[in-house]
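A, B, C and D are the chain letters, set down in written order, and residue numbers restart from 1 in every chain.
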Amino acid sequence: MATTPLSTNTHGAGGHDDHSSHISSTGLLVGVLLLLMGLMGVTIWASFIDIPSIGPIPGIVMNNLVALAIATVKAALVIWFFMGVRFASSLAKIWVAAGFLVLFLMFGIMGDYGTRKFEPVQGWEVGTPVDGGETALPRTWPPEGRTPGSPAIEQNLRPR
Amino acid sequence: MPFNFPLQPPRASSFADQHDALFYTLCILTVLFTAIVGFGVIFFAIKYKKGSPADRSRPIYEDLRLELTWTIIPLIMGLGIFYWGASLFVTMRVPPKDAQEIYVIGKQWMWHVQHSNGVRENNTLHVPVGKPVKLTMISQDVIHAFYIPAFRAQMHVVPGRYTTMWFTATQAGKYHLFCSMYCGTQHSEMGGTVVALEPKEWAEWIANGGQSTVPMTLEQSGQKLYNSLACNNCHGVKDTVKGPSLMNIYNSRRRMSNGETVLADDAYLRESILRPHNRLTAGYGQEMPEYQGQITEEDVIKLVAFMKNLGMPTTGLPVSGTDREAAVTAGSKGSMSPLATNAIQYQQFSERQPDATATDRKKDLSVNAIAAQQGGAGN
Amino acid sequence: MSAIPVDKPVADLPNGHPAETNYINEFGGLKSWLLTGDHKRIAMLYLISVTFFFFLGSVAAALIRWELTAPAGVVMESDTYNKVFSSHGVLMVFTFLVVAIPAVFGNFFLPIMIGARDMAFPRLNLLSWYLYVGGGILILLGMINGGVDGGWTFYTPYSSMYSNSNVTLVLTGIFIVGFSSITTGINFIVTTHKMRAPGMTWFRLPLFVWANYATAVVIMLGTPVVAITLLLVVFERAFKLPIFNPELGGDPVLFQHLFWFYSHPAVYIMILPAFGIISELISNFARKRVFGYHFIAFSTLAIAGLGFLVWGHHMFISSQSMYQGIVFSLISFLVAVPSAIKVFNWTATLYKANIRLQSPMLYALGFIGLFTVGGLTGLFLGSMGTDVHLTATYFVVAHFHYVMVGGTMSAFLGGLHYWWPKMTGRLYPESIAKVNALIVFLGFNLTFFPQFIVGWLGMPRRYHYYYLAPEYQVYHVMSTLGSSFLGLGFILPAFYLTKSLINGRKASANPWGAHGLEWEIPSPPPTTNFLQIPIVLDEVYDFDPVTEYELDRAQQALEGHHYDGMMDQDDESAHRVEQGEK
Amino acid sequence: MAAIAHDHAHDDHGALHHQFENIEQQNDSYIVGMWTFLVTEVMFFGALFFIYTLYRSMYQMDWYLAHEELDVTLGGINTVVLLISSWTVAMAVRFAQLKNRKMVILNLLVTLGCAFTFLVIKAFEYAAKFEHHLFPGPTFGSVPSHLNGANSNYAQLFYGLYFGMTGLHAVHILVGVLVISALTYLWVRKADSVMKDYIPTELVGLYWHFVDLVWIFLFPLMYLMPKPH
């Protein structure tokens, strides 16, 4: 058995990323903060406009997608700059990715709810499809037509 | 009671043979693989025991071909079994169009069964042999599961939505019925008997409802309920300001206030009774009270049955007109098959059962007698 | 790769520790134990507490078996029975199976096996034990103060709206125990990544480390989901926050999805560390490098990954969409393959090996058989057609007891016997231990095999009375009979192992002649494990069967007899002879 | 395998714990450990977000109507407050790296101020909901005008999740307040553990950013539902 004297600092098989040398500049952090604020404004604005349908995607879904996309960008900004993932070891990056990947897997549960409407026998559910393949999910009815003769409700709708 | 060693449950439905074929195939595979592994372990353990003079030169530590062999063979076998099992499952989940419909309601801790002509049973289910039967099930409280081992049929009964299962009984007899999803104190007693009757006896039984008095049909009790709940005050023969008419409503297309069109099927009718405000017919507001929690699922089924036939030219009963007539005639002669008598006794027992405590029941000799009888019949 | 075994008596090692100072006796007093950061002491604390909870769970099991000998029950009312079986499930799953192997053996040996002085976060490790004990006490409080029913699965709306028992307290306890798991998992992950000794590359890691690493990943990603799900049930009971309430449009099936999203991977949390122990045992007692090391390591990761995609196979008939069910069934068959790979590799390891049939090895061989049966009967349940009939019956009960008791519990006992000399520094009587392994194996089969049959006949699980179907009785009587043997098999070790603490002979550093860093330090290990961090130069499980065989022959010739037991005092001389030979 | 002597610098760094070989290893371990913990937190909140997504897809209209009762202005202010606090924490970490003690303390204090502002605003929002009988329970929706015409059952589901999710988030904020207070105290006391090394500050920062992240998703989901059209 060979015995080699060993100097220090070769401990562990994983590489060491040296954190201490990476310091974000104030300007960058301020910039990110302003960007985040701006994106927040965009989200609020986007939620008050009705995005028209694009192809097969209904407008309401587009609205949700836009809101989600903006939130994701904001999250990415925070993770990348504020939390310093860009300087972190690849291990930390892998964990961040793995966390969101498994979260994505969990949304696989949607597969159940999404395919129930194709079942040979329908259970009773709000999203019960009508008219063959067409589905009532998402249920969309304009509140104006909802209860004629009850103006109280209409008053409570947020003015658009 | 002498011990007997039953080795398989009775096979009494059209699924049973296919199911058992798969089951025994899997059994053979299990025995085979366990034997291979077990033999290998024991053989090596003896041959290469410490100090034994076996040849140990050139041991192998890794062999890709071997690894691939025992990766791919189980994989292919697994995929085969998967396909077989999945196709059987799809068969079990798709009821035929002509299946006779029976409603089942689970509640702590009994099963209510309603046949479409209004015959009701508790903890018993009478089905005809040779005719597909579709159970539409819902729970009034927690999740239950309707399980008939002899039919290889099991399905959860969920509050808030209908689940279905279907089967065709192939052999007359009495079989176990269990609740197989834990549902509280008397979970283990939420069961009873499934009685499969030859078509002729079935007709006789259904006509009598297992009882001496001819019961109201579902439709009739629905009508009674419809009147007693004063539905007719608003839902008359014609549309009024208060409410739309329900004539010929079943399977019609209804325009909703949001502009969408809805097919008025069972599910829609149920929703409209329990939560009318979810979807409002075009031109109407939230005048109708919600019946959620006010009436039982049983009542909903009755009302739906009544509404289905409102304004319809025929009765729409699943038993065809001639069959039904024959059944009524047979029943009116006052003779009942022994099986039907048993069923009544059992039903009377079942009705008594929910109120009895467990200790009472243990003391009740008749319980054990019936249980023993069933045990015998179950095999 | 070196062909010469390098295990030496510790006295010869240049570690410089005085032989009599070890982690047990270096500091005295209760306080030094309760405030310790030492992973070995925490492991011992865990060992005591999981044994306590296992004992309580076993008492519940015994009551269940007793009650089921007659179709109309023996002593209990249904409510009591329901609470007893629920307590059995909760205690065994959440306070024993999930915790036992990682928190006891993982805690003790993971740092030693990779050549570290301690876990990365000793205080977090101690916190984990306190969380575990705290959660466990809450669970027990709930069980004493009103009991809990609903089974360990706590399906809504029963648990959230209908159960009159103390579900809130018990779920809170489980929530806290969950966080204990998470803290342990974080420690394992960081320790494995960052604390490996120089030269300890990923593919030199003992398979037990691989197994615990994979387990930690599953714990980290899965446990929070069940924690929040159970917390929502607590909210629903305590604050009437409606989440799964079907009356308000909530979906009770959603609970099952979220529950099994964790609880299926949790099955792997329970079995993966057991795989790790078995790999250690097989390799060390066969005196041969484990067959297909890379395949076993990767199959561990494959199981951990695919395990997250099969939760729906618990729900084929729960009214989930059948299309989703088909996908889940397919993936379930895929996840069966890595398990098969492991079994075949263990068997192949025995080929041309040099097998010592000592007690830990007996448990390991028993494990292979029982796990094979348990795994293959899983195919019955993964196949959708047969699952319709068999799910929620005793077939399922038998299946998961084959995996959990026949598998995890066998491995736990095997590991306990294997590492006992290292953990305590004492030798136990080998002959009784061998007999005990046999008792456990036979008693287990007698207990649970009849349950396959009675499940196939249609007996639903969680049934108190079965007077509706008294023909099932014979199998229940057999099962109860078997369970008394099994119980004996669990009680005996408690006695002879405890007794060995008092008057057992002192163990040498490596009483089994096994490989691994843990066998190169004294028994019991010193507080800091290694005075100097070792440099790993050779491969894992570096045995050569031919050399081993020749050493055996030499030893045999010297001793004049063939010895097959644990190397205790007499044979340590033989061991030294062996060392001298080379 | 062999055990071979090699030096390790145990006593050179005051903050180095006995199980580590050197300060890099220790810092790496802490960072990786924190990220691992945050991943478990992602899964913890992830399950809630999943439930939310499912129910919202089922009850889109009623949830839209129910959500109108929430005050976008207060929610928006809270978002701004949290974003600022996130920035101040990032600045605190920066100054910890530069060993500028005064600026670290200043930034941490601002963060604490933001956290309190957030909690106070949240408390006002909660109080209004309680007053309007919008907390799930038997009296839920007894003032129908506050339901805006939403189905009371589904609105109750919405508020169940609203209180569940924002409540758990608020608990995280509370924990954050405790942790940041402790950290500030250590900086004020000039404790070696924080002065010599920026890692403790960095760890607290990571946690606080995560809390901010959750809110970044909660705000549009709870307060900014688009109108179904």
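Just so we're on the same page, a contact is a pair of C-beta atoms (placed from the backbone, for glycine too) under 8 Å apart; a residue touches a chain by one contact, two chains touch by 3 or more.
Just so we're clear, the structure is a prediction, and the values are computed from it rather than from any experiment.
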| item | value |
| --- | --- |
| Co-neighbours of subunit D and subunit B - touch as defined | A, C |
| Pair sharing more residue contacts (C-beta pairs) when A-D is set against A-C | A-D |
| Chain centroid nearest the full-protein CA centroid | C |
| For subunit A paired with subunit D, centre-to-centre distance based on mean C-alpha positions, whole Å | 17 |
| Euclidean distance of C-alpha centroids - subunit A vs subunit C, Å | 37 |
| Centre distance in Å when subunit A and subunit B are each reduced to the mean of their C-alpha atoms | 41 |
| Per-residue overlap in subunit D, given as positions that touch at least 2 other chains | 2, 4, 6, 8, 21, 25, 28, 32, 36, 39, 43, 46-47, 50, 54, 58-59, 151, 153 |
| Subunit B residues counted as touching two or more neighbouring chains | 93, 158, 160-161, 163, 278, 292 |
| Contacts with two or more other chains, residues of subunit C listed in rising order | 6, 193-195, 221, 225, 247, 249, 251, 253-254, 258, 261, 319, 322, 533, 535, 537-538 |
| Chain-level touch network, classified as line, ring, star, complete or other | complete |
| Residue ranges of subunit A touching subunit B (in the complex, touch as defined) | 119-126, 128, 130-131, 136, 139-142, 145-150 |
| Of subunit A, residues touching subunit D in the complex | 1, 3-9, 11-12, 14, 16-20, 23-24, 26, 29-30, 32-33, 36-37, 40, 43-44, 46-47, 50-51, 59-60, 63-64, 67-68, 70-71, 74-75, 78-79, 81-84, 88-89, 91-92, 95-96, 98-100, 102-103, 106-107, 109-110, 113, 125-127, 137-143, 146-147, 150, 152-153, 156-158, 160 |
| Touching residues (chain side subunit A, partner subunit C) in the complex | 1-4, 6, 10-14, 91, 98-99, 102, 105-106, 108-109, 111-116, 118-119, 123, 126 |
| Subunit A contact footprint on subunit C (complex, rising order) | 2, 6, 193-198, 200-202, 217, 221, 225, 249, 253-254, 257-258, 261, 308-309, 312, 319-324, 327, 533, 535, 537-538 |
| Complex contact set, residues of subunit B against subunit C | 1, 3-9, 18-19, 22-23, 26, 29-30, 33-34, 37-38, 40-41, 44-45, 48-51, 54-63, 66-67, 70-71, 74-75, 78-79, 81-82, 84-90, 92-93, 108, 141-143, 145, 147, 149-150, 152-156, 158-161, 163, 176, 178-189, 191-192, 292-293, 358-359, 361-362, 367-368, 371-372, 374-375, 378-379 |
